[in-house]
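Note that the chains are named A, B, C, D, E and F in the order they appear, and that numbering of residues resets to 1 at the start of each chain.
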Amino acid sequence: MREDALLYNMGNRRVVVFRKEHFNAAHRLNNPRWSLAENKKIFGLCNNEHYHGHNYELIVQVTGEIDPDTGYLIDMKILSDLIKDEVLNKFDHKNLNLDVAAFENLNPTAENIAIVIYDLLRNKLKASLELKIRLYETERNFVEYPA
Amino acid sequence: MREDALLYNMGNRRVVVFRKEHFNAAHRLNNPRWSLAENKKIFGLCNNEHYHGHNYELIVQVTGEIDPDTGYLIDMKILSDLIKDEVLNKFDHKNLNLDVAAFENLNPTAENIAIVIYDLLRNKLKASLELKIRLYETERNFVEYPA
Amino acid sequence: MREDALLYNMGNRRVVVFRKEHFNAAHRLNNPRWSLAENKKIFGLCNNEHYHGHNYELIVQVTGEIDPDTGYLIDMKILSDLIKDEVLNKFDHKNLNLDVAAFENLNPTAENIAIVIYDLLRNKLKASLELKIRLYETERNFVEYPA
Amino acid sequence: MREDALLYNMGNRRVVVFRKEHFNAAHRLNNPRWSLAENKKIFGLCNNEHYHGHNYELIVQVTGEIDPDTGYLIDMKILSDLIKDEVLNKFDHKNLNLDVAAFENLNPTAENIAIVIYDLLRNKLKASLELKIRLYETERNFVEYPA
Amino acid sequence: MREDALLYNMGNRRVVVFRKEHFNAAHRLNNPRWSLAENKKIFGLCNNEHYHGHNYELIVQVTGEIDPDTGYLIDMKILSDLIKDEVLNKFDHKNLNLDVAAFENLNPTAENIAIVIYDLLRNKLKASLELKIRLYETERNFVEYPA
Amino acid sequence: MREDALLYNMGNRRVVVFRKEHFNAAHRLNNPRWSLAENKKIFGLCNNEHYHGHNYELIVQVTGEIDPDTGYLIDMKILSDLIKDEVLNKFDHKNLNLDVAAFENLNPTAENIAIVIYDLLRNKLKASLELKIRLYETERNFVEYPA
């Protein structure tokens, strides 16, 4: 940018960037402290002991100030790689109940999955960046964390 | 969940859940206190006295704390049934102007439809849950209430 | 194109082009030779005497040989204008049963609407071009003509 | 329709109707006659012994002549109910390998699932109707049967 | 509306309306104060000196109080025309770096484009209306301003 | 598969598989044998000498017989890698007119791009497999080759 670019100072503008990724996983909703009958009543078909599955769509939302040298809030390639390392490599083509440590003792509802993803990414991002997770379990059921 | 599940306490986490539904309806935009000419000028084709119609896409957004026993904010089946009872059964395959009581004296713009849906659902939900309505009249025109 | 462009002769290649448009309309499914009870039984909610409505998505598909001078099968602007003149101006923001001549004696099912649109466009296109109509009444119900 | 409706004879027009449904299921790709190493090599992550899953989008396509009394090729409610009975009730929220008889000895690839769905629906439809199945395993991978 | 319409007072309800538009443009990400090697390292393929391009999807979000006479926050036709005049006519089918004054000295990242669009529209809207811009560069990369 | 799997012989079933990919590119429509005025008249904004751009969505469709050992027509990973090598690496984040050899003397309309992609992939696929290309220039303008 030439000198006069300074006339258009973007440096303290706060923006939000969104990166959409997806993973395919099996899961089963179950509370081991409940009877089978109670689990069937509360979770219905989602309690199927052989699991079922979803194409999860994940939108990672990051908020902060633009870097005036790049015009980026954060390089989308870096954000995408971070999501791959911290989330997709652990969740994609996996059984969430059996293959993902976080759900060993946690029911993999969309709400809980979103919170786990938030926690996985939160401490990898600079503290100055805000983070929000949106997770689509189906096109018609989705969640966001934090509120 | 086993005892050690308590280590991952989800109980006070606030999340948002979204449920997408749809209904097909006819409507006409008209202000009966105005002349026909004025209505045509303001509402254009939307003032057609024989009505026109839309596939409305409705997203109901509920915010609150996760129930640690289920991992749900609210059971999506219960939320979906509530929307069916309070909204879809009254609006789907209907003429909003002629068949829906709320629009007897209210112009069925997307903005007003969203507010009516909000009011229909608000007092059926626990006071601790926040509610927001997004309504797509077309893919390119949509509204949200409350702001 | 320079002389050597002739090496890549596109002139006799047959391609298909698709143009997507949309219109919003009210309609009612009804067979006037049947009793009200029979109409309710066959057409259900779609028989509502006050009409209901849809955002119809229309895809017009034209097949033929590329024009080697333009690299177009048909100029999409010309195709789009033709659809506007012959279809959208007659159907958009209209009541199909009351405002569109073709449905005076024809039940406006998606199948029949697609055929009417085909007939409206067919004799406006050169005979050397094949025509097919796809019409979405909703995201989940759609039709194509001819088979 | 009044007598003069006969002027617009739709009776021998062949049309195609499409009905979109979906189901969520777990599956694992595996050939039991191969070694684990060979299965890993061919099927990669899809061979995960704990299963993974998908939101399958299913489009059932039926071709035939319009019924001039209804203006329908086939009542979409009847088609939708048929798909529910024959496919969704067996596949939705299931583990295809463990819960669906057809895949006891058949690898549940998208191709094979589409063929099984075709076979389930084919003998429930009148012979005069043509049938085609499109199945989306993800937004980017989908199949059609028959070719 | 009849007198008793006053019973349903919409006048002080705050709503949000969204209008979706799109434009197709070429661009190149580049910081002229950096070396070519540094630009390649930071911007990768997006630094291609011959430009590349996108179908940008633009969602303009306006917040304020409903006008009780129309039931509109703002007439979508007026909002759409404003976006056409201020944004699409300048950006659509253009090279952002070469054809759009705002990017003469400003890197046309999605973040910066969103801010420029915000500034173009902000002073054309009444001060009582809040404005937010969402811009999709691809289906998977999008931004919002202000945060 | 066990011996009795032979009862469900899939071997001679012909199926179609589809793989969706995308690339972002700049282009300009122009016929160098015409005057600037004639080019402006025919190609309008698409003739902008500084180029404009698109997010092209590409669907590669392959037809043939299922391999009974895998249940695949073709491994989607292999098909995706082939598209990457032959098409995406040459087209993505490029200026089609300046960076892609095939368009040195060929106008990069959607029709011509689809044919070029077909030719690039055709001789890399076994002769027993049929190939078809669908290319979306925008959501509303798309083409298919061969017809």
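Operating definition for what follows: a residue touches a chain if its C-beta (ideal position, glycine included) is under 8 Å from a C-beta of that chain, and two chains touch if they have at least 3 such contacts.
Note that the structure is a prediction, hence the values are computed from the model and not measured.
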Intersection of contact sets, subunit D vs subunit F, gives C
Shared touch partners for subunit C + subunit D come out as F
Fewest touching-chain hops separating subunit C from subunit F | 1
With over half of the numbers shared counting as same, classify the subunit A/subunit E interface as same or different.
-> different
Sort the other chains by how far their Cα centres are from that of subunit E and give me the top one.
-> D
When the centre of a chain is set as the mean of its C-alpha atoms, what distance in Å lies between subunit A and subunit C?
-> 41
Using the average of all C-alpha atoms in each chain as its centre, how far is it in Å between subunit A and subunit D?
-> 31
Taking each chain's centre as the mean position of its Cα atoms, how many Å separate subunit B from subunit E?
-> 26
Where in subunit D do residues touch two or more other chains at once?
-> 44, 139
Chain contact graph: line, ring, star, complete or other?
-> other
Chain-chain contacts, ordered by label, are A-B, A-D, A-E, B-C, B-E, C-D, C-F, D-F, E-F
Which positions of subunit E touch subunit F when the two form their complex?
-> 22, 24-27, 44-46, 48, 50-55, 92-95, 98-99, 138-139
Of subunit E, residues touching subunit A in the complex | 29, 31-33, 42-44, 102, 105-112, 114-115, 139-147
Residue ranges of subunit F in contact with subunit D within the complex | 1-2, 4-5, 7-8, 10, 13-21, 63-64, 66, 69-73, 75-77, 130
